[in-house]
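Handing you this structure, nothing more for now.
Letters A, B, C and D mark the chains as written, and numbering starts fresh at 1 in each.
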Amino acid sequence: MAKSWTENRQDDLERRYRDVRHLTQTLATPLSDADATVQSMPDASPAKWHLAHVTWFFETFVLRDHVEGYQPFDPRYAFLFNSYYEAEGPRHARAMRGMLTRPSLDEVLAWRTHVDAAMVRALPMLPQAVRALVTLGLHHEQQHQELMLTDLLHLFSCNPMEPALFAAPAAAPVALPGPLHWIEGREGLVEIGHGGQSDFAFDCEGPRHKALLHPHALAHRPVTNGEWIAFIEDGGYGEASHWLSDGWAWVQAQGVDAPAYWKQGEQGWTRFGLDGRQPVNPAAPVTHISLYEADAYASWAGARLPTEAEWESAAQNVAPISGTQLDDATAPRPHAASDDANLTQMFGDVWEWTGSAYRPYPGFRAAPGAVGEYNGKFMSGQFVLRGGSCATPRGHVRASYRNFFYPHQRWQFTGLRLAKDL
Amino acid sequence: MAKSWTENRQDDLERRYRDVRHLTQTLATPLSDADATVQSMPDASPAKWHLAHVTWFFETFVLRDHVEGYQPFDPRYAFLFNSYYEAEGPRHARAMRGMLTRPSLDEVLAWRTHVDAAMVRALPMLPQAVRALVTLGLHHEQQHQELMLTDLLHLFSCNPMEPALFAAPAAAPVALPGPLHWIEGREGLVEIGHGGQSDFAFDCEGPRHKALLHPHALAHRPVTNGEWIAFIEDGGYGEASHWLSDGWAWVQAQGVDAPAYWKQGEQGWTRFGLDGRQPVNPAAPVTHISLYEADAYASWAGARLPTEAEWESAAQNVAPISGTQLDDATAPRPHAASDDANLTQMFGDVWEWTGSAYRPYPGFRAAPGAVGEYNGKFMSGQFVLRGGSCATPRGHVRASYRNFFYPHQRWQFTGLRLAKDL
Amino acid sequence: MAKSWTENRQDDLERRYRDVRHLTQTLATPLSDADATVQSMPDASPAKWHLAHVTWFFETFVLRDHVEGYQPFDPRYAFLFNSYYEAEGPRHARAMRGMLTRPSLDEVLAWRTHVDAAMVRALPMLPQAVRALVTLGLHHEQQHQELMLTDLLHLFSCNPMEPALFAAPAAAPVALPGPLHWIEGREGLVEIGHGGQSDFAFDCEGPRHKALLHPHALAHRPVTNGEWIAFIEDGGYGEASHWLSDGWAWVQAQGVDAPAYWKQGEQGWTRFGLDGRQPVNPAAPVTHISLYEADAYASWAGARLPTEAEWESAAQNVAPISGTQLDDATAPRPHAASDDANLTQMFGDVWEWTGSAYRPYPGFRAAPGAVGEYNGKFMSGQFVLRGGSCATPRGHVRASYRNFFYPHQRWQFTGLRLAKDL
Amino acid sequence: MAKSWTENRQDDLERRYRDVRHLTQTLATPLSDADATVQSMPDASPAKWHLAHVTWFFETFVLRDHVEGYQPFDPRYAFLFNSYYEAEGPRHARAMRGMLTRPSLDEVLAWRTHVDAAMVRALPMLPQAVRALVTLGLHHEQQHQELMLTDLLHLFSCNPMEPALFAAPAAAPVALPGPLHWIEGREGLVEIGHGGQSDFAFDCEGPRHKALLHPHALAHRPVTNGEWIAFIEDGGYGEASHWLSDGWAWVQAQGVDAPAYWKQGEQGWTRFGLDGRQPVNPAAPVTHISLYEADAYASWAGARLPTEAEWESAAQNVAPISGTQLDDATAPRPHAASDDANLTQMFGDVWEWTGSAYRPYPGFRAAPGAVGEYNGKFMSGQFVLRGGSCATPRGHVRASYRNFFYPHQRWQFTGLRLAKDL
């Protein structure tokens, strides 16, 4: 006889718990203790910190709060591995995360094992509200899987030896895509945002609400590296009129003249990745660009960035598990688009900068308590990105998903898709 | 016989030119050469620079470009007093504006006289397109009138002697207002933005477009100093959960615990103004607060900031020349609201922070050329403020007017009006 | 009948008081209120501040402390114009001195008049110990005369119009000096330092003590601009091996490639001075160089800097009122050396960097009390300079005089004289 | 039959090579890969970097330059592990040393083994000039042994868990020393500096030269922790008059109120060390103080710091291998002095700040070439310390040895001995 829906769901959560936790573990496999410890900039965190912090989430909000008799693995870890939950008390300063040579990577992995054992024991007994916390914790861990990879990429890029964390795949022939074409979007009132009835979503994705779209079109695919090289060669980084004022100041202060990790040599442009230094693939979407760069490119191209409502409305018809996303422990790389009449690469490959500031939706309210600090407090100064990237764990992203970064940040797999008014 | 419409309009522009230029001159009357020269922070400019820069606008975009045979007063001034028009070539660095002890205040005033004479001669002959530039220049000058006052306020606040630029009015009895009440706003599709057919507006105010309002209400008046003191006394500046993450970092790094220019003494709170140090008036709207503070207050009060569409929709029924605005050379001060069933103090008194990031409207395109640099390039990282303040020259502001500052800035007369979802 | 010695001395002090105070006033004559108010960098002070601070010294340590019934001109000035005398209580922050647009230059000059009147009345009645304080105050004021000029030079150099404070003298024909030759110095035990019995000296110049000189020689004149250009043309600023490690870091961080105020144009090198921008005179001593530059030049030239004992021992035979020093309100400029068999330009023209760190002499003790803060507390991180410059008031400097600056500072008229081991 | 002197010397160098290299290896034994990789501040270097850099010295200046056919272990290491030898070409930026998670600690240790094997093979064949380079390399390595320990101490102090690298010894009873007494020093001409005929010395220790001592006395022992606590309790950190001006600015900017690594708890003062957090031993010399603190203490105590000539003259009669120095892989700790009529603890225990700026001796010339960059270029802004510390490898230090640090630095085992004028 078939299991009831509830039992199924229970199994689902356990399997999902094992899968997500296992992928994290797998990503850590090629890391040395040192790789896992160093923090290469204040924006990034050590891999060990990611491995620990996501574990702290389960130990604190599930095991400590809801499982009687649970003994924390080491009571000092709560201070070390809290991130920004003010309500959870004082914590180790963010910029000092790289000082924690102890506990070692092995000890953190042992902590993970300890927590996993307790979680797997506890899961079948947890009430629904706590199971929701577990689900939240798993999505939280998936976010950190992506950050762990991009933070490692930044760290390895600071090493003149440019080590490769993963083996590079065999080079494939490059098929340059045809020119981009425009796909008209919906006009008038649409519904966006997560409804919250079923399935998981972060608080900032809701409430579902009406939004008004003005006549517009989206490019059928993201901007490619080849197109970006044309922007460079046309002097795009040196012409103030393309740039936001803050962006122009940033370009000049930092001496920016290409996407992050790019270098120009005798053989042309190369880029550094978790598979080491490789030629730039002109057919693949450009990545590791800031909002400032994305906006300047759009201005140069006579276009603009999409709003998040335009993007989401268009994405509602696309399967979110499509595209190049993170499936296993290999080096993430955006792939070339196939030419197609329809929208392509909406999900995966590169996070797409939108022109929308990250602000609350109509009717948004932060949830009370420590977990409620989750997203609302970041709603100033950042821009929304949509669609996930090649480093986003498959199954994590959806049409309503709102990622956000400051306009100068570019160590994620960030790219852009053009939009225009009709 | 009555003058034709065109002649009237011509007279209007000339009268308006004289009025605006004269008010600027009047504001400068109490200034010493030194007062007019010093720059107290990179965000502010010296009064002399304001007096000169607005004059540079007319000399460059009107006299140089459109009046044959015009001789610039001093060809070196163009380099000194350009602000941020990249297309107009290199310019003196913003943070170094306070180094210009020469030309003297008197020389800058003589330049003004020179330009005014040429402008008054030229005005009747200018074609319509150039008259539009003159109008733009006058609105530009009105913006700088307000900045000149707020920059002087900041400068004088850095002097331990706390000099008063203007005499303080006699103290009036304080009548505390009753509690605020809520006024329901329009719901559904509304039209906002400037239509651009007639009357002046800055480019960023348009195009006029439909916007969607969700059910909401606005407070009938801004938050008062008395209410702000309650926030302080309730520990509002010390409780992380009220604050945006960037705001909390700012409060801690800067040691902020009250609005700018406030001090607590034995007689209670005082504030510094262009009329010197005076007691805080609990009945008047709070001012000199950052977006971070406005947002924290709203969060503490269980409310939120209005969006700019909500604000503009409500303001469309209010006369923009109402409220406390700048009429002559006296110290600007917000006045206490009278209790009223309707929206009060929508215009004047204090700039109201909205929760909207300063971004382009649907269909917005920057105008080409130097004047086109005007607004579009500032569209990242800033928030919109609405309604003008006690330091805004009367006649300058309107329902569609979009002011913008970074969320930490508070040297303008900035306050807030609460909003809530219904 | 001849006056007694004491009466003479009294007259001397009064005449000296009038002379010094009058020169200060004269130096201020060409200044506008704005010129006198602005602070161009934290190291420099506004001219108004100099004018006020030296007056504060007399008002505080003489009139307040020793003249009964003296009424301070304005009791708030003590806070504003104390410099670094911790024992005198809190004071206006150094980097904020340029914010004081009030009191005006005229008010400060009126304060000077008020204090001068009281001083001239009081002088005949003051006991010897207080007369010593007056003498200290006059030397203190002479120091500030020089700083006022060099601070104004820095300020005016920040103005793209490069105004000249004083008229430039007519250009004179340049007679290039012959090559420098070496003058052997004393060897063995010598006496240096100020004996303190008669005449004025700052505390750090004593006590007089024996010093041991090793076999050495000094160049008969300072290094010239012409020689410095040879250093530049030989790539001196680009070759790490010439430089102290801190100096090399400074050169690279600041992009230094010539003395301060130099610019290279089609007509060759020019320099900015209080007489505006003028051609570099190859025959005159180089000036506005840091210790780092002086040391790198010496290293490039196969020589070294003199120690202060070597310098002082040689200078004991030279008249300290010789050389180009400040006599009246004209633009200070070092003059070309005449070729001479003996040491030339030991006094005046340029301060000569020595290789000696500014540290206490054997037996040095700081005097107790506020005046005792005078010099001892600056004895870390700075190098000694000797001999005075073209901006040093004649009569102020002597063989034992120790000036001191940090090794990167170069806004004084600083140059160098080579030394070598024998 | 006895070996000839030359054979003996040969054996000596080989034995010394093995001993020094072995101690380094032993010190690294308790380190994890992460411990060895992280850089806790720009002043410090990762342990792995120390292990590699000293090896680079032998590989570059001995094996590459003087051993035919030597194959470098990895040609990329030269770029990574050069420190500041400009003549050896570009190098990895100092502040980025902590980014090098690869090569791993194991790989660096393998490099050491590779180089050691080649060195041991080569040593018997090397000509005398190259053997001198080997000796230089061994002293260089001993310097880095000490730095490795103090850098690790700083790193571990940044970890809130405060891990102990080495086991703490059993607590011993504290016997407070009696009051310090004064030992009169030599007066008149003395000889100091290294003669350079035999035995090793760094270039900056010579040439040997006459120095003039004025009447003075030295304290018979360093200042103790107990005495330092009296300074703290007397408000020493809060009274400006004790401090150098730069020191007072440092104390206030950094909030310094005790030696580094000290913390005050309910049980009194504790300090962090490589043996973890332990009670402060009032009988032991104070350590981890800056020159500013040492100078302020001396001023408070009515004394002064010794000059380096006074110190060296007194130390010439003391055995440099005496005192607490580094013998093996245990946590360095200064020991309590025994009461004694003579000078005690001149060597070992704590580096003693002198009042002498680090400047060249009369007749000093930097050696040409890359090795010649060794010391001369650091001769600005730093003060000399003498005598070695508990972390200095025994056999490394001598009477003429000149250590040097900037006046604010205090992560070494730095203390002070008082001096006074007689």
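One rule holds in what follows: a residue touches a chain if its C-beta (ideal position, glycine included) is under 8 Å from a C-beta of that chain, and two chains touch if they have at least 3 such contacts.
No experiment lies behind these values; they were computed from the predicted model shown.
K.L.:
So which chains count as neighbours of both chain A and chain B?
P.N.:
Shared contacts of chain A and chain B: no chain.
K.L.:
Please identify which chain has its centre, taken as the mean of its CA atoms, farthest from the centre of chain A.
P.N.:
Most remote chain from chain A, centroid-wise, comes out as C.
K.L.:
Counting only Cα atoms for the centres, state how far chain B is from chain D in Å.
P.N.:
Once rounded, the distance between the two centres reads 60 Å.
K.L.:
Per the centroid of Cα atoms for each chain, what is the distance between chain A and chain D, given in Å?
P.N.:
47
K.L.:
With chain centres taken as the means of their Cα atoms, state the distance from chain C to chain D in Å.
P.N.:
Result: the chain centres lie 39 Å from each other.
K.L.:
Going by the touch rule set out above, which residues of chain C reach two or more other chains?
P.N.:
None at all.
K.L.:
Looking only at which chains touch which, which shape fits best: line, ring, star, complete or other?
P.N.:
Topology of touching chains reads as a ring, each chain with two neighbours.
K.L.:
So in the complex, the part of chain D that touches chain C is made up of which residues?
P.N.:
Result: residues 84, 86-87, 189, 209-212, 214, 240-241, 243-248, 291-292, 295, 304, 355-357, 359-360, 362-363, 373, 377-381, 383, 407, 421 of chain D touch chain C.
K.L.:
In the complex formed with chain A, which residues of chain D make contact?
P.N.:
So the residues of chain D touching chain A come out as 32-38, 40, 48, 76, 79-80, 92, 96, 98-105, 155-156, 158-161, 163.
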